[in-house]
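You will see two complexes here that share subunit A, one where it goes with subunit B and one where it goes with subunit C.
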Partner chain A sequence: MVNVEEIRDYAANLLGKGEVKSVLGFRRGSASAFAEPCTITDVGEAASLVWDPTCLNNLTLYLVKDHKQQAAAKTPDNRPVGIVAKGCDSRAIGVLLQENYFKREDVVVIGVSCEGTGVVDPRKLSAKLKGRTASRVSFYGADGINVRVYGEETETVIPAQEVLADRCLECRAAIPTLNDIVFGEAVGAREFDEPFHAAKAAESLSADERWATWEHHFDRCLRCFACRAVCPMCYCPECVVDSTTFVVTLGTSAEEKANRIRWCERSANTSESAVYHLTRAIHLAGRCIDCGECERVCPVNIPLRLLNTKLEKEAFEMFEYQAGHDIEQASLLSSFRDEDPNSFIR
Partner chain B sequence: MEKILNQEKLREWVDMLDDCEVYAPAFADSVWNYARVEAGTDIDLSHTNTIGSVKEFVFPQREVFFRFEKKDGVPVLTATLPDPKPTVVFGVRPCDGRGMPRNDTVFNKEFEDPYYWARRDKLTLVGLACNQPHSPNCFCQSVGGSPHSEDGLDILMTDLGDRFHVKGITVKGVEAMERGRDAFGAVRDGDQAETEKVHDTSRSHPQRPLGNLDAIPEAIRESFDSPLWADMAQHCIGCGICTFLCPTCHCFDINDEVISPTTGEGERVRTWDNCQFPDFTMHTSGHNPRADLGSRLRQRVSHKFLYFVENHKTQQCTGCGRCITECPVGIDIVAVLERVSQS
Partner chain C sequence: MSNPSKVTKAEEFEPRIVAFLCKWCSSAGSDLAGVSRIQYSANATPITIPCSGSVSPMFILSAFNKGADGVLISGCHPGDCHYMEGNYLARRKLYLVKELLQFIGLESERFRMSWVSAAEGAKFAEVVDEFVEDLRVLGPQNRLKAKR
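Moving on to the complex of A and B:
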């Protein structure tokens, strides 16, 4: 079991020695049983760091945010940032490094191994509790999750496998391979579930059945764009769904305004939402590291992970490529090998 | 009008509303949301707060204002004013009910919005009092409401275990009850007392406190330039969850969606917009007065607890707690107000 005190001490030490400007981690939130992200900048705050199965967020997002802020700042603070990272989060950092988004020395990776567990999937928990809210969630030995339901006296132990996130069940590397230190025991592949099993199951359905599923989901999409906003790989300065850089000058004609390209309309209907989701999925092909954040944040529980793991599976089967596993490797989209299959080029 | 409805008679009442579209909460895809009630299916009123709010029935996420096309070179417009069937929504929590009079004000104050009112006039809200707040983030009482508030509802039902106490509040509500005829029974000795007891117990559950509600507008005004906003929004991801799910957020965008450039065919559409999105206040010049997340968080909070109070003498928040529970990074409007008040 990871000892949170060790993480706190390590973070305090980094800050004390001035080796990092801040440490990204988790603290208890006021809003729910789930931990919330925090950025600590002084030694004293390190005591508020927590580590448990509710540390869901992929904090790598905030490295991207910081990078953008520093790039825009008049007097940037380019000292490294410390980050508490699970295996999947460290792979996100890996992809950003492969893509030269920032440099290795910009980040100090405080790795935590998921050992025998992983993080809870709030959707599975919600289904179990029929929408009621958990007021406390903690590890219960190696195979259990202890849950207290809001408004109830007693706690319930749920077998971990029933509420762990799918990605944790399928995880092939529960230890952050990219790290400066790791807390917890080194655990690699776990065999709770076969990798890509949801994608494989979906493939066995007919095209009509698959479309019916996605039509149901796209139809429910609110287009709040949380799935994009939370993704550390969605770092484009302007996304196709926004229109922040269409600058109108005195010379811009009504025609130009009317005809400016809009890839995707604002309307949250099936066709526009399908365009949004398929565009996003394709932009993540060979880049998504399966942190499951897009799916986690979706307020209406659209199973977005399925779209992304399908492409992850393609990348794995066709090119033996796993995003973020090896930072020395060139990114999938920027590399070519003679033995790459080209059966799809006709 | 006050009546008693046995649990098993609920279905009978719903069936008698057969010329209306009936909606009730349903648990699907791991969330409670309003869904159309098909004839002959049961209604499950064990719901927590629904993920979407009743504002969607009067202010849908997509509203077509009119259609346009070119015929023989001449633009032709076709009106698309909605003409919905009478609609009855069951299981509306009192906090959502309280959102409605606030929305009515917005869509009526300076200009009567015909799209909103075409739907609103045909809508009957059947509330369900909360026997206890179902989330630690409920704070209806801290903003002047209660778990059995009647504000904005046409009917208020209270769950008494084997039966409901049903109270008709408005003319629309009483009519809907009259349509149920024999499904209802008379209120007998003890029913009233039991209903009050349920209400009292529910009110006694602790909720998130807001301190001195009247002092909040001034506190927000004073902290307009405070660095606190940037600090509190540090982990905000600028998604729109907090406002899209809010029963009272009502900002919108209007666009022409061209279906065919050759025939000039298309629709003018109103869609929800969101003060947390980067292009919300984007000027055509390229300047964005609310370019950072801190100023956007300030806007959301100020709109609800300062500007709305100034303009309409009430908060634009009913304490449903959705923006807190559903925020993916734990931004908590109650904690925000606390910090602003203390600064």
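Moving on to the complex of A and C:
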């Protein structure tokens, strides 16, 4: 079992010695039992850090934001940032390092092992509690989650398989491989669901059935871009859907406006949303580390993770490539092997 | 792309193909097909690109979005790339695009890749003809096409 006190002490020690400028972690949320991300800059605040199955967020996003802020700052603070990282989060840091987004010495990875379970899916939990609200959620052991409901004395143990996030059920590496220190026991493979279970299930449907499903999903997309905003890998300063470089001035003629290349319109209709989501999926091929954040924040519940895991499955099975595993490795799309599949080419 | 020719119901469906051809081989291959006076379907709109490795998945999605019934990407045979390894990188990238398009339910026949060298005019004509016939069976592509 991860001892939260140890994480707090470690974070306080880092801050006390001034080795890091801040520590990214989780604290108790004010709205519900779910933890919220926080940035700690003071030794005293370290006592508010928590670690339980409600720590959903991939904090790597805030490393990216910090990096952007420092790049724009007049007097940047070049000390590293400490970050509490689960297995998936550490892989996200791995991908960013692989892409030279920042350097290894810019980050202190305080790894926490999920110890064979993972994080709770809020939707699954609320369905399980039938409208009641959880006041506390904690680990029970490798195969159970302890839940206390508001206004009730006793705690209920729910089997982990019923409330854990889909990605945790399929997780192949629950230990932060990239780390400066790891808290908790190293429990690797889990046996809830086979890897890529959901993607394989979707593949087994017919083409018409698959399109019917995706048309329904793309049709509902609001184009709020929450999936893009929450993804630590979507750090491009310019996105195809934004086209910020096209500056409209008084001198811009109607023809110039009409003729500029628009790869993808911002309007929310099925085909444009399909282009947006497919582009994003391809952009994340070999980079998505399956933290499931895009799916979690989607207001209309589009199974975005499915698109990404489909490509991760192909990368794993066809090209033996796993995102964020080896920071020295060339990325998926910038490398090749002679024995790559050739049969589909005429 | 130009405006679609008006297809009345009585007329036969004419598939429209967007063909991205590598400047160094397939584009020259299509030229050879032309100067050799090989008869082949006129359904493909060729777009010359520097290398098959320079094809962005955006090109393909955009072509489908703007109404293409099929997308063909053609480059040099493995080992013959002018930029040493562009076609190897293309192969890996486009394999993923193909898998993704199939995954969301686009018919797998609509996206095609081929290796055509500058000396293979006849092969180019064959690839286009074959593609057109396959698309004719499938009918118009409406899944990713923008409804404007």
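Throughout what follows, the second predicted complex is superposed on the first by the 308 of 346 C-alpha atoms of A that agree within 3 Å, B and C clash if a C-alpha of one lies under 4 Å from a C-alpha of the other, contacts with A are read in each partner's own complex, and residues count from 1 in each chain.
One rule holds in what follows: a contact is a pair of C-beta atoms (placed from the backbone, for glycine too) under 8 Å apart; a residue touches a chain by one contact, two chains touch by 3 or more.
Small disclaimer: the values here were computed from a predicted structure and weren't measured.
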Which superposed partner A:A186 touches (first subunit B, second subunit C, both, neither): neither
Partner chain(s) touched by A:E314 [first = subunit B, second = subunit C, both, neither]: second
Partner chain(s) touched by A:S32 [first = subunit B, second = subunit C, both, neither]: first
First, second, both or neither for A:C236, with subunit B first and subunit C second: neither
First, second, both or neither for A:A281, with subunit B first and subunit C second: second
First (subunit B), second (subunit C), both or neither touched by A:S126: first
Subunit B versus subunit C as contact partner of A:W214, first or second or both or neither: second
Subunit B versus subunit C as contact partner of A:M1, first or second or both or neither: neither
Touching partner for A:A201 - first (subunit B), second (subunit C), both, neither: neither
Intersection of subunit A interface sets (partners subunit B, subunit C): 265, 269
Interfacial residue positions of subunit B with respect to subunit A in the complex: 27, 29-33, 46-48, 51-52, 61-62, 132-137, 234-235, 237-241, 244-245, 253, 255-257, 269, 271-274, 277-279, 282, 284-286, 288, 324-332, 334-335
Subunit A - residues contacting subunit C, complex: 202-203, 207-215, 240, 263-265, 269-272, 274-275, 278-279, 281-282, 285, 307, 310-311, 314-315, 318-319, 332-336, 338, 340-342, 344-346
Of subunit A, residues touching subunit B in the complex: 29-32, 34-39, 57, 61-62, 123-124, 126-127, 130-133, 135, 150-151, 220, 222-226, 229-230, 242-245, 247-248, 258, 265-269, 293, 296-297, 299-302
Residue ranges of subunit C in contact with subunit A within the complex: 57-58, 61-62, 65, 78, 85, 88-89, 91-93, 95-108, 112-115, 127, 130, 143-147
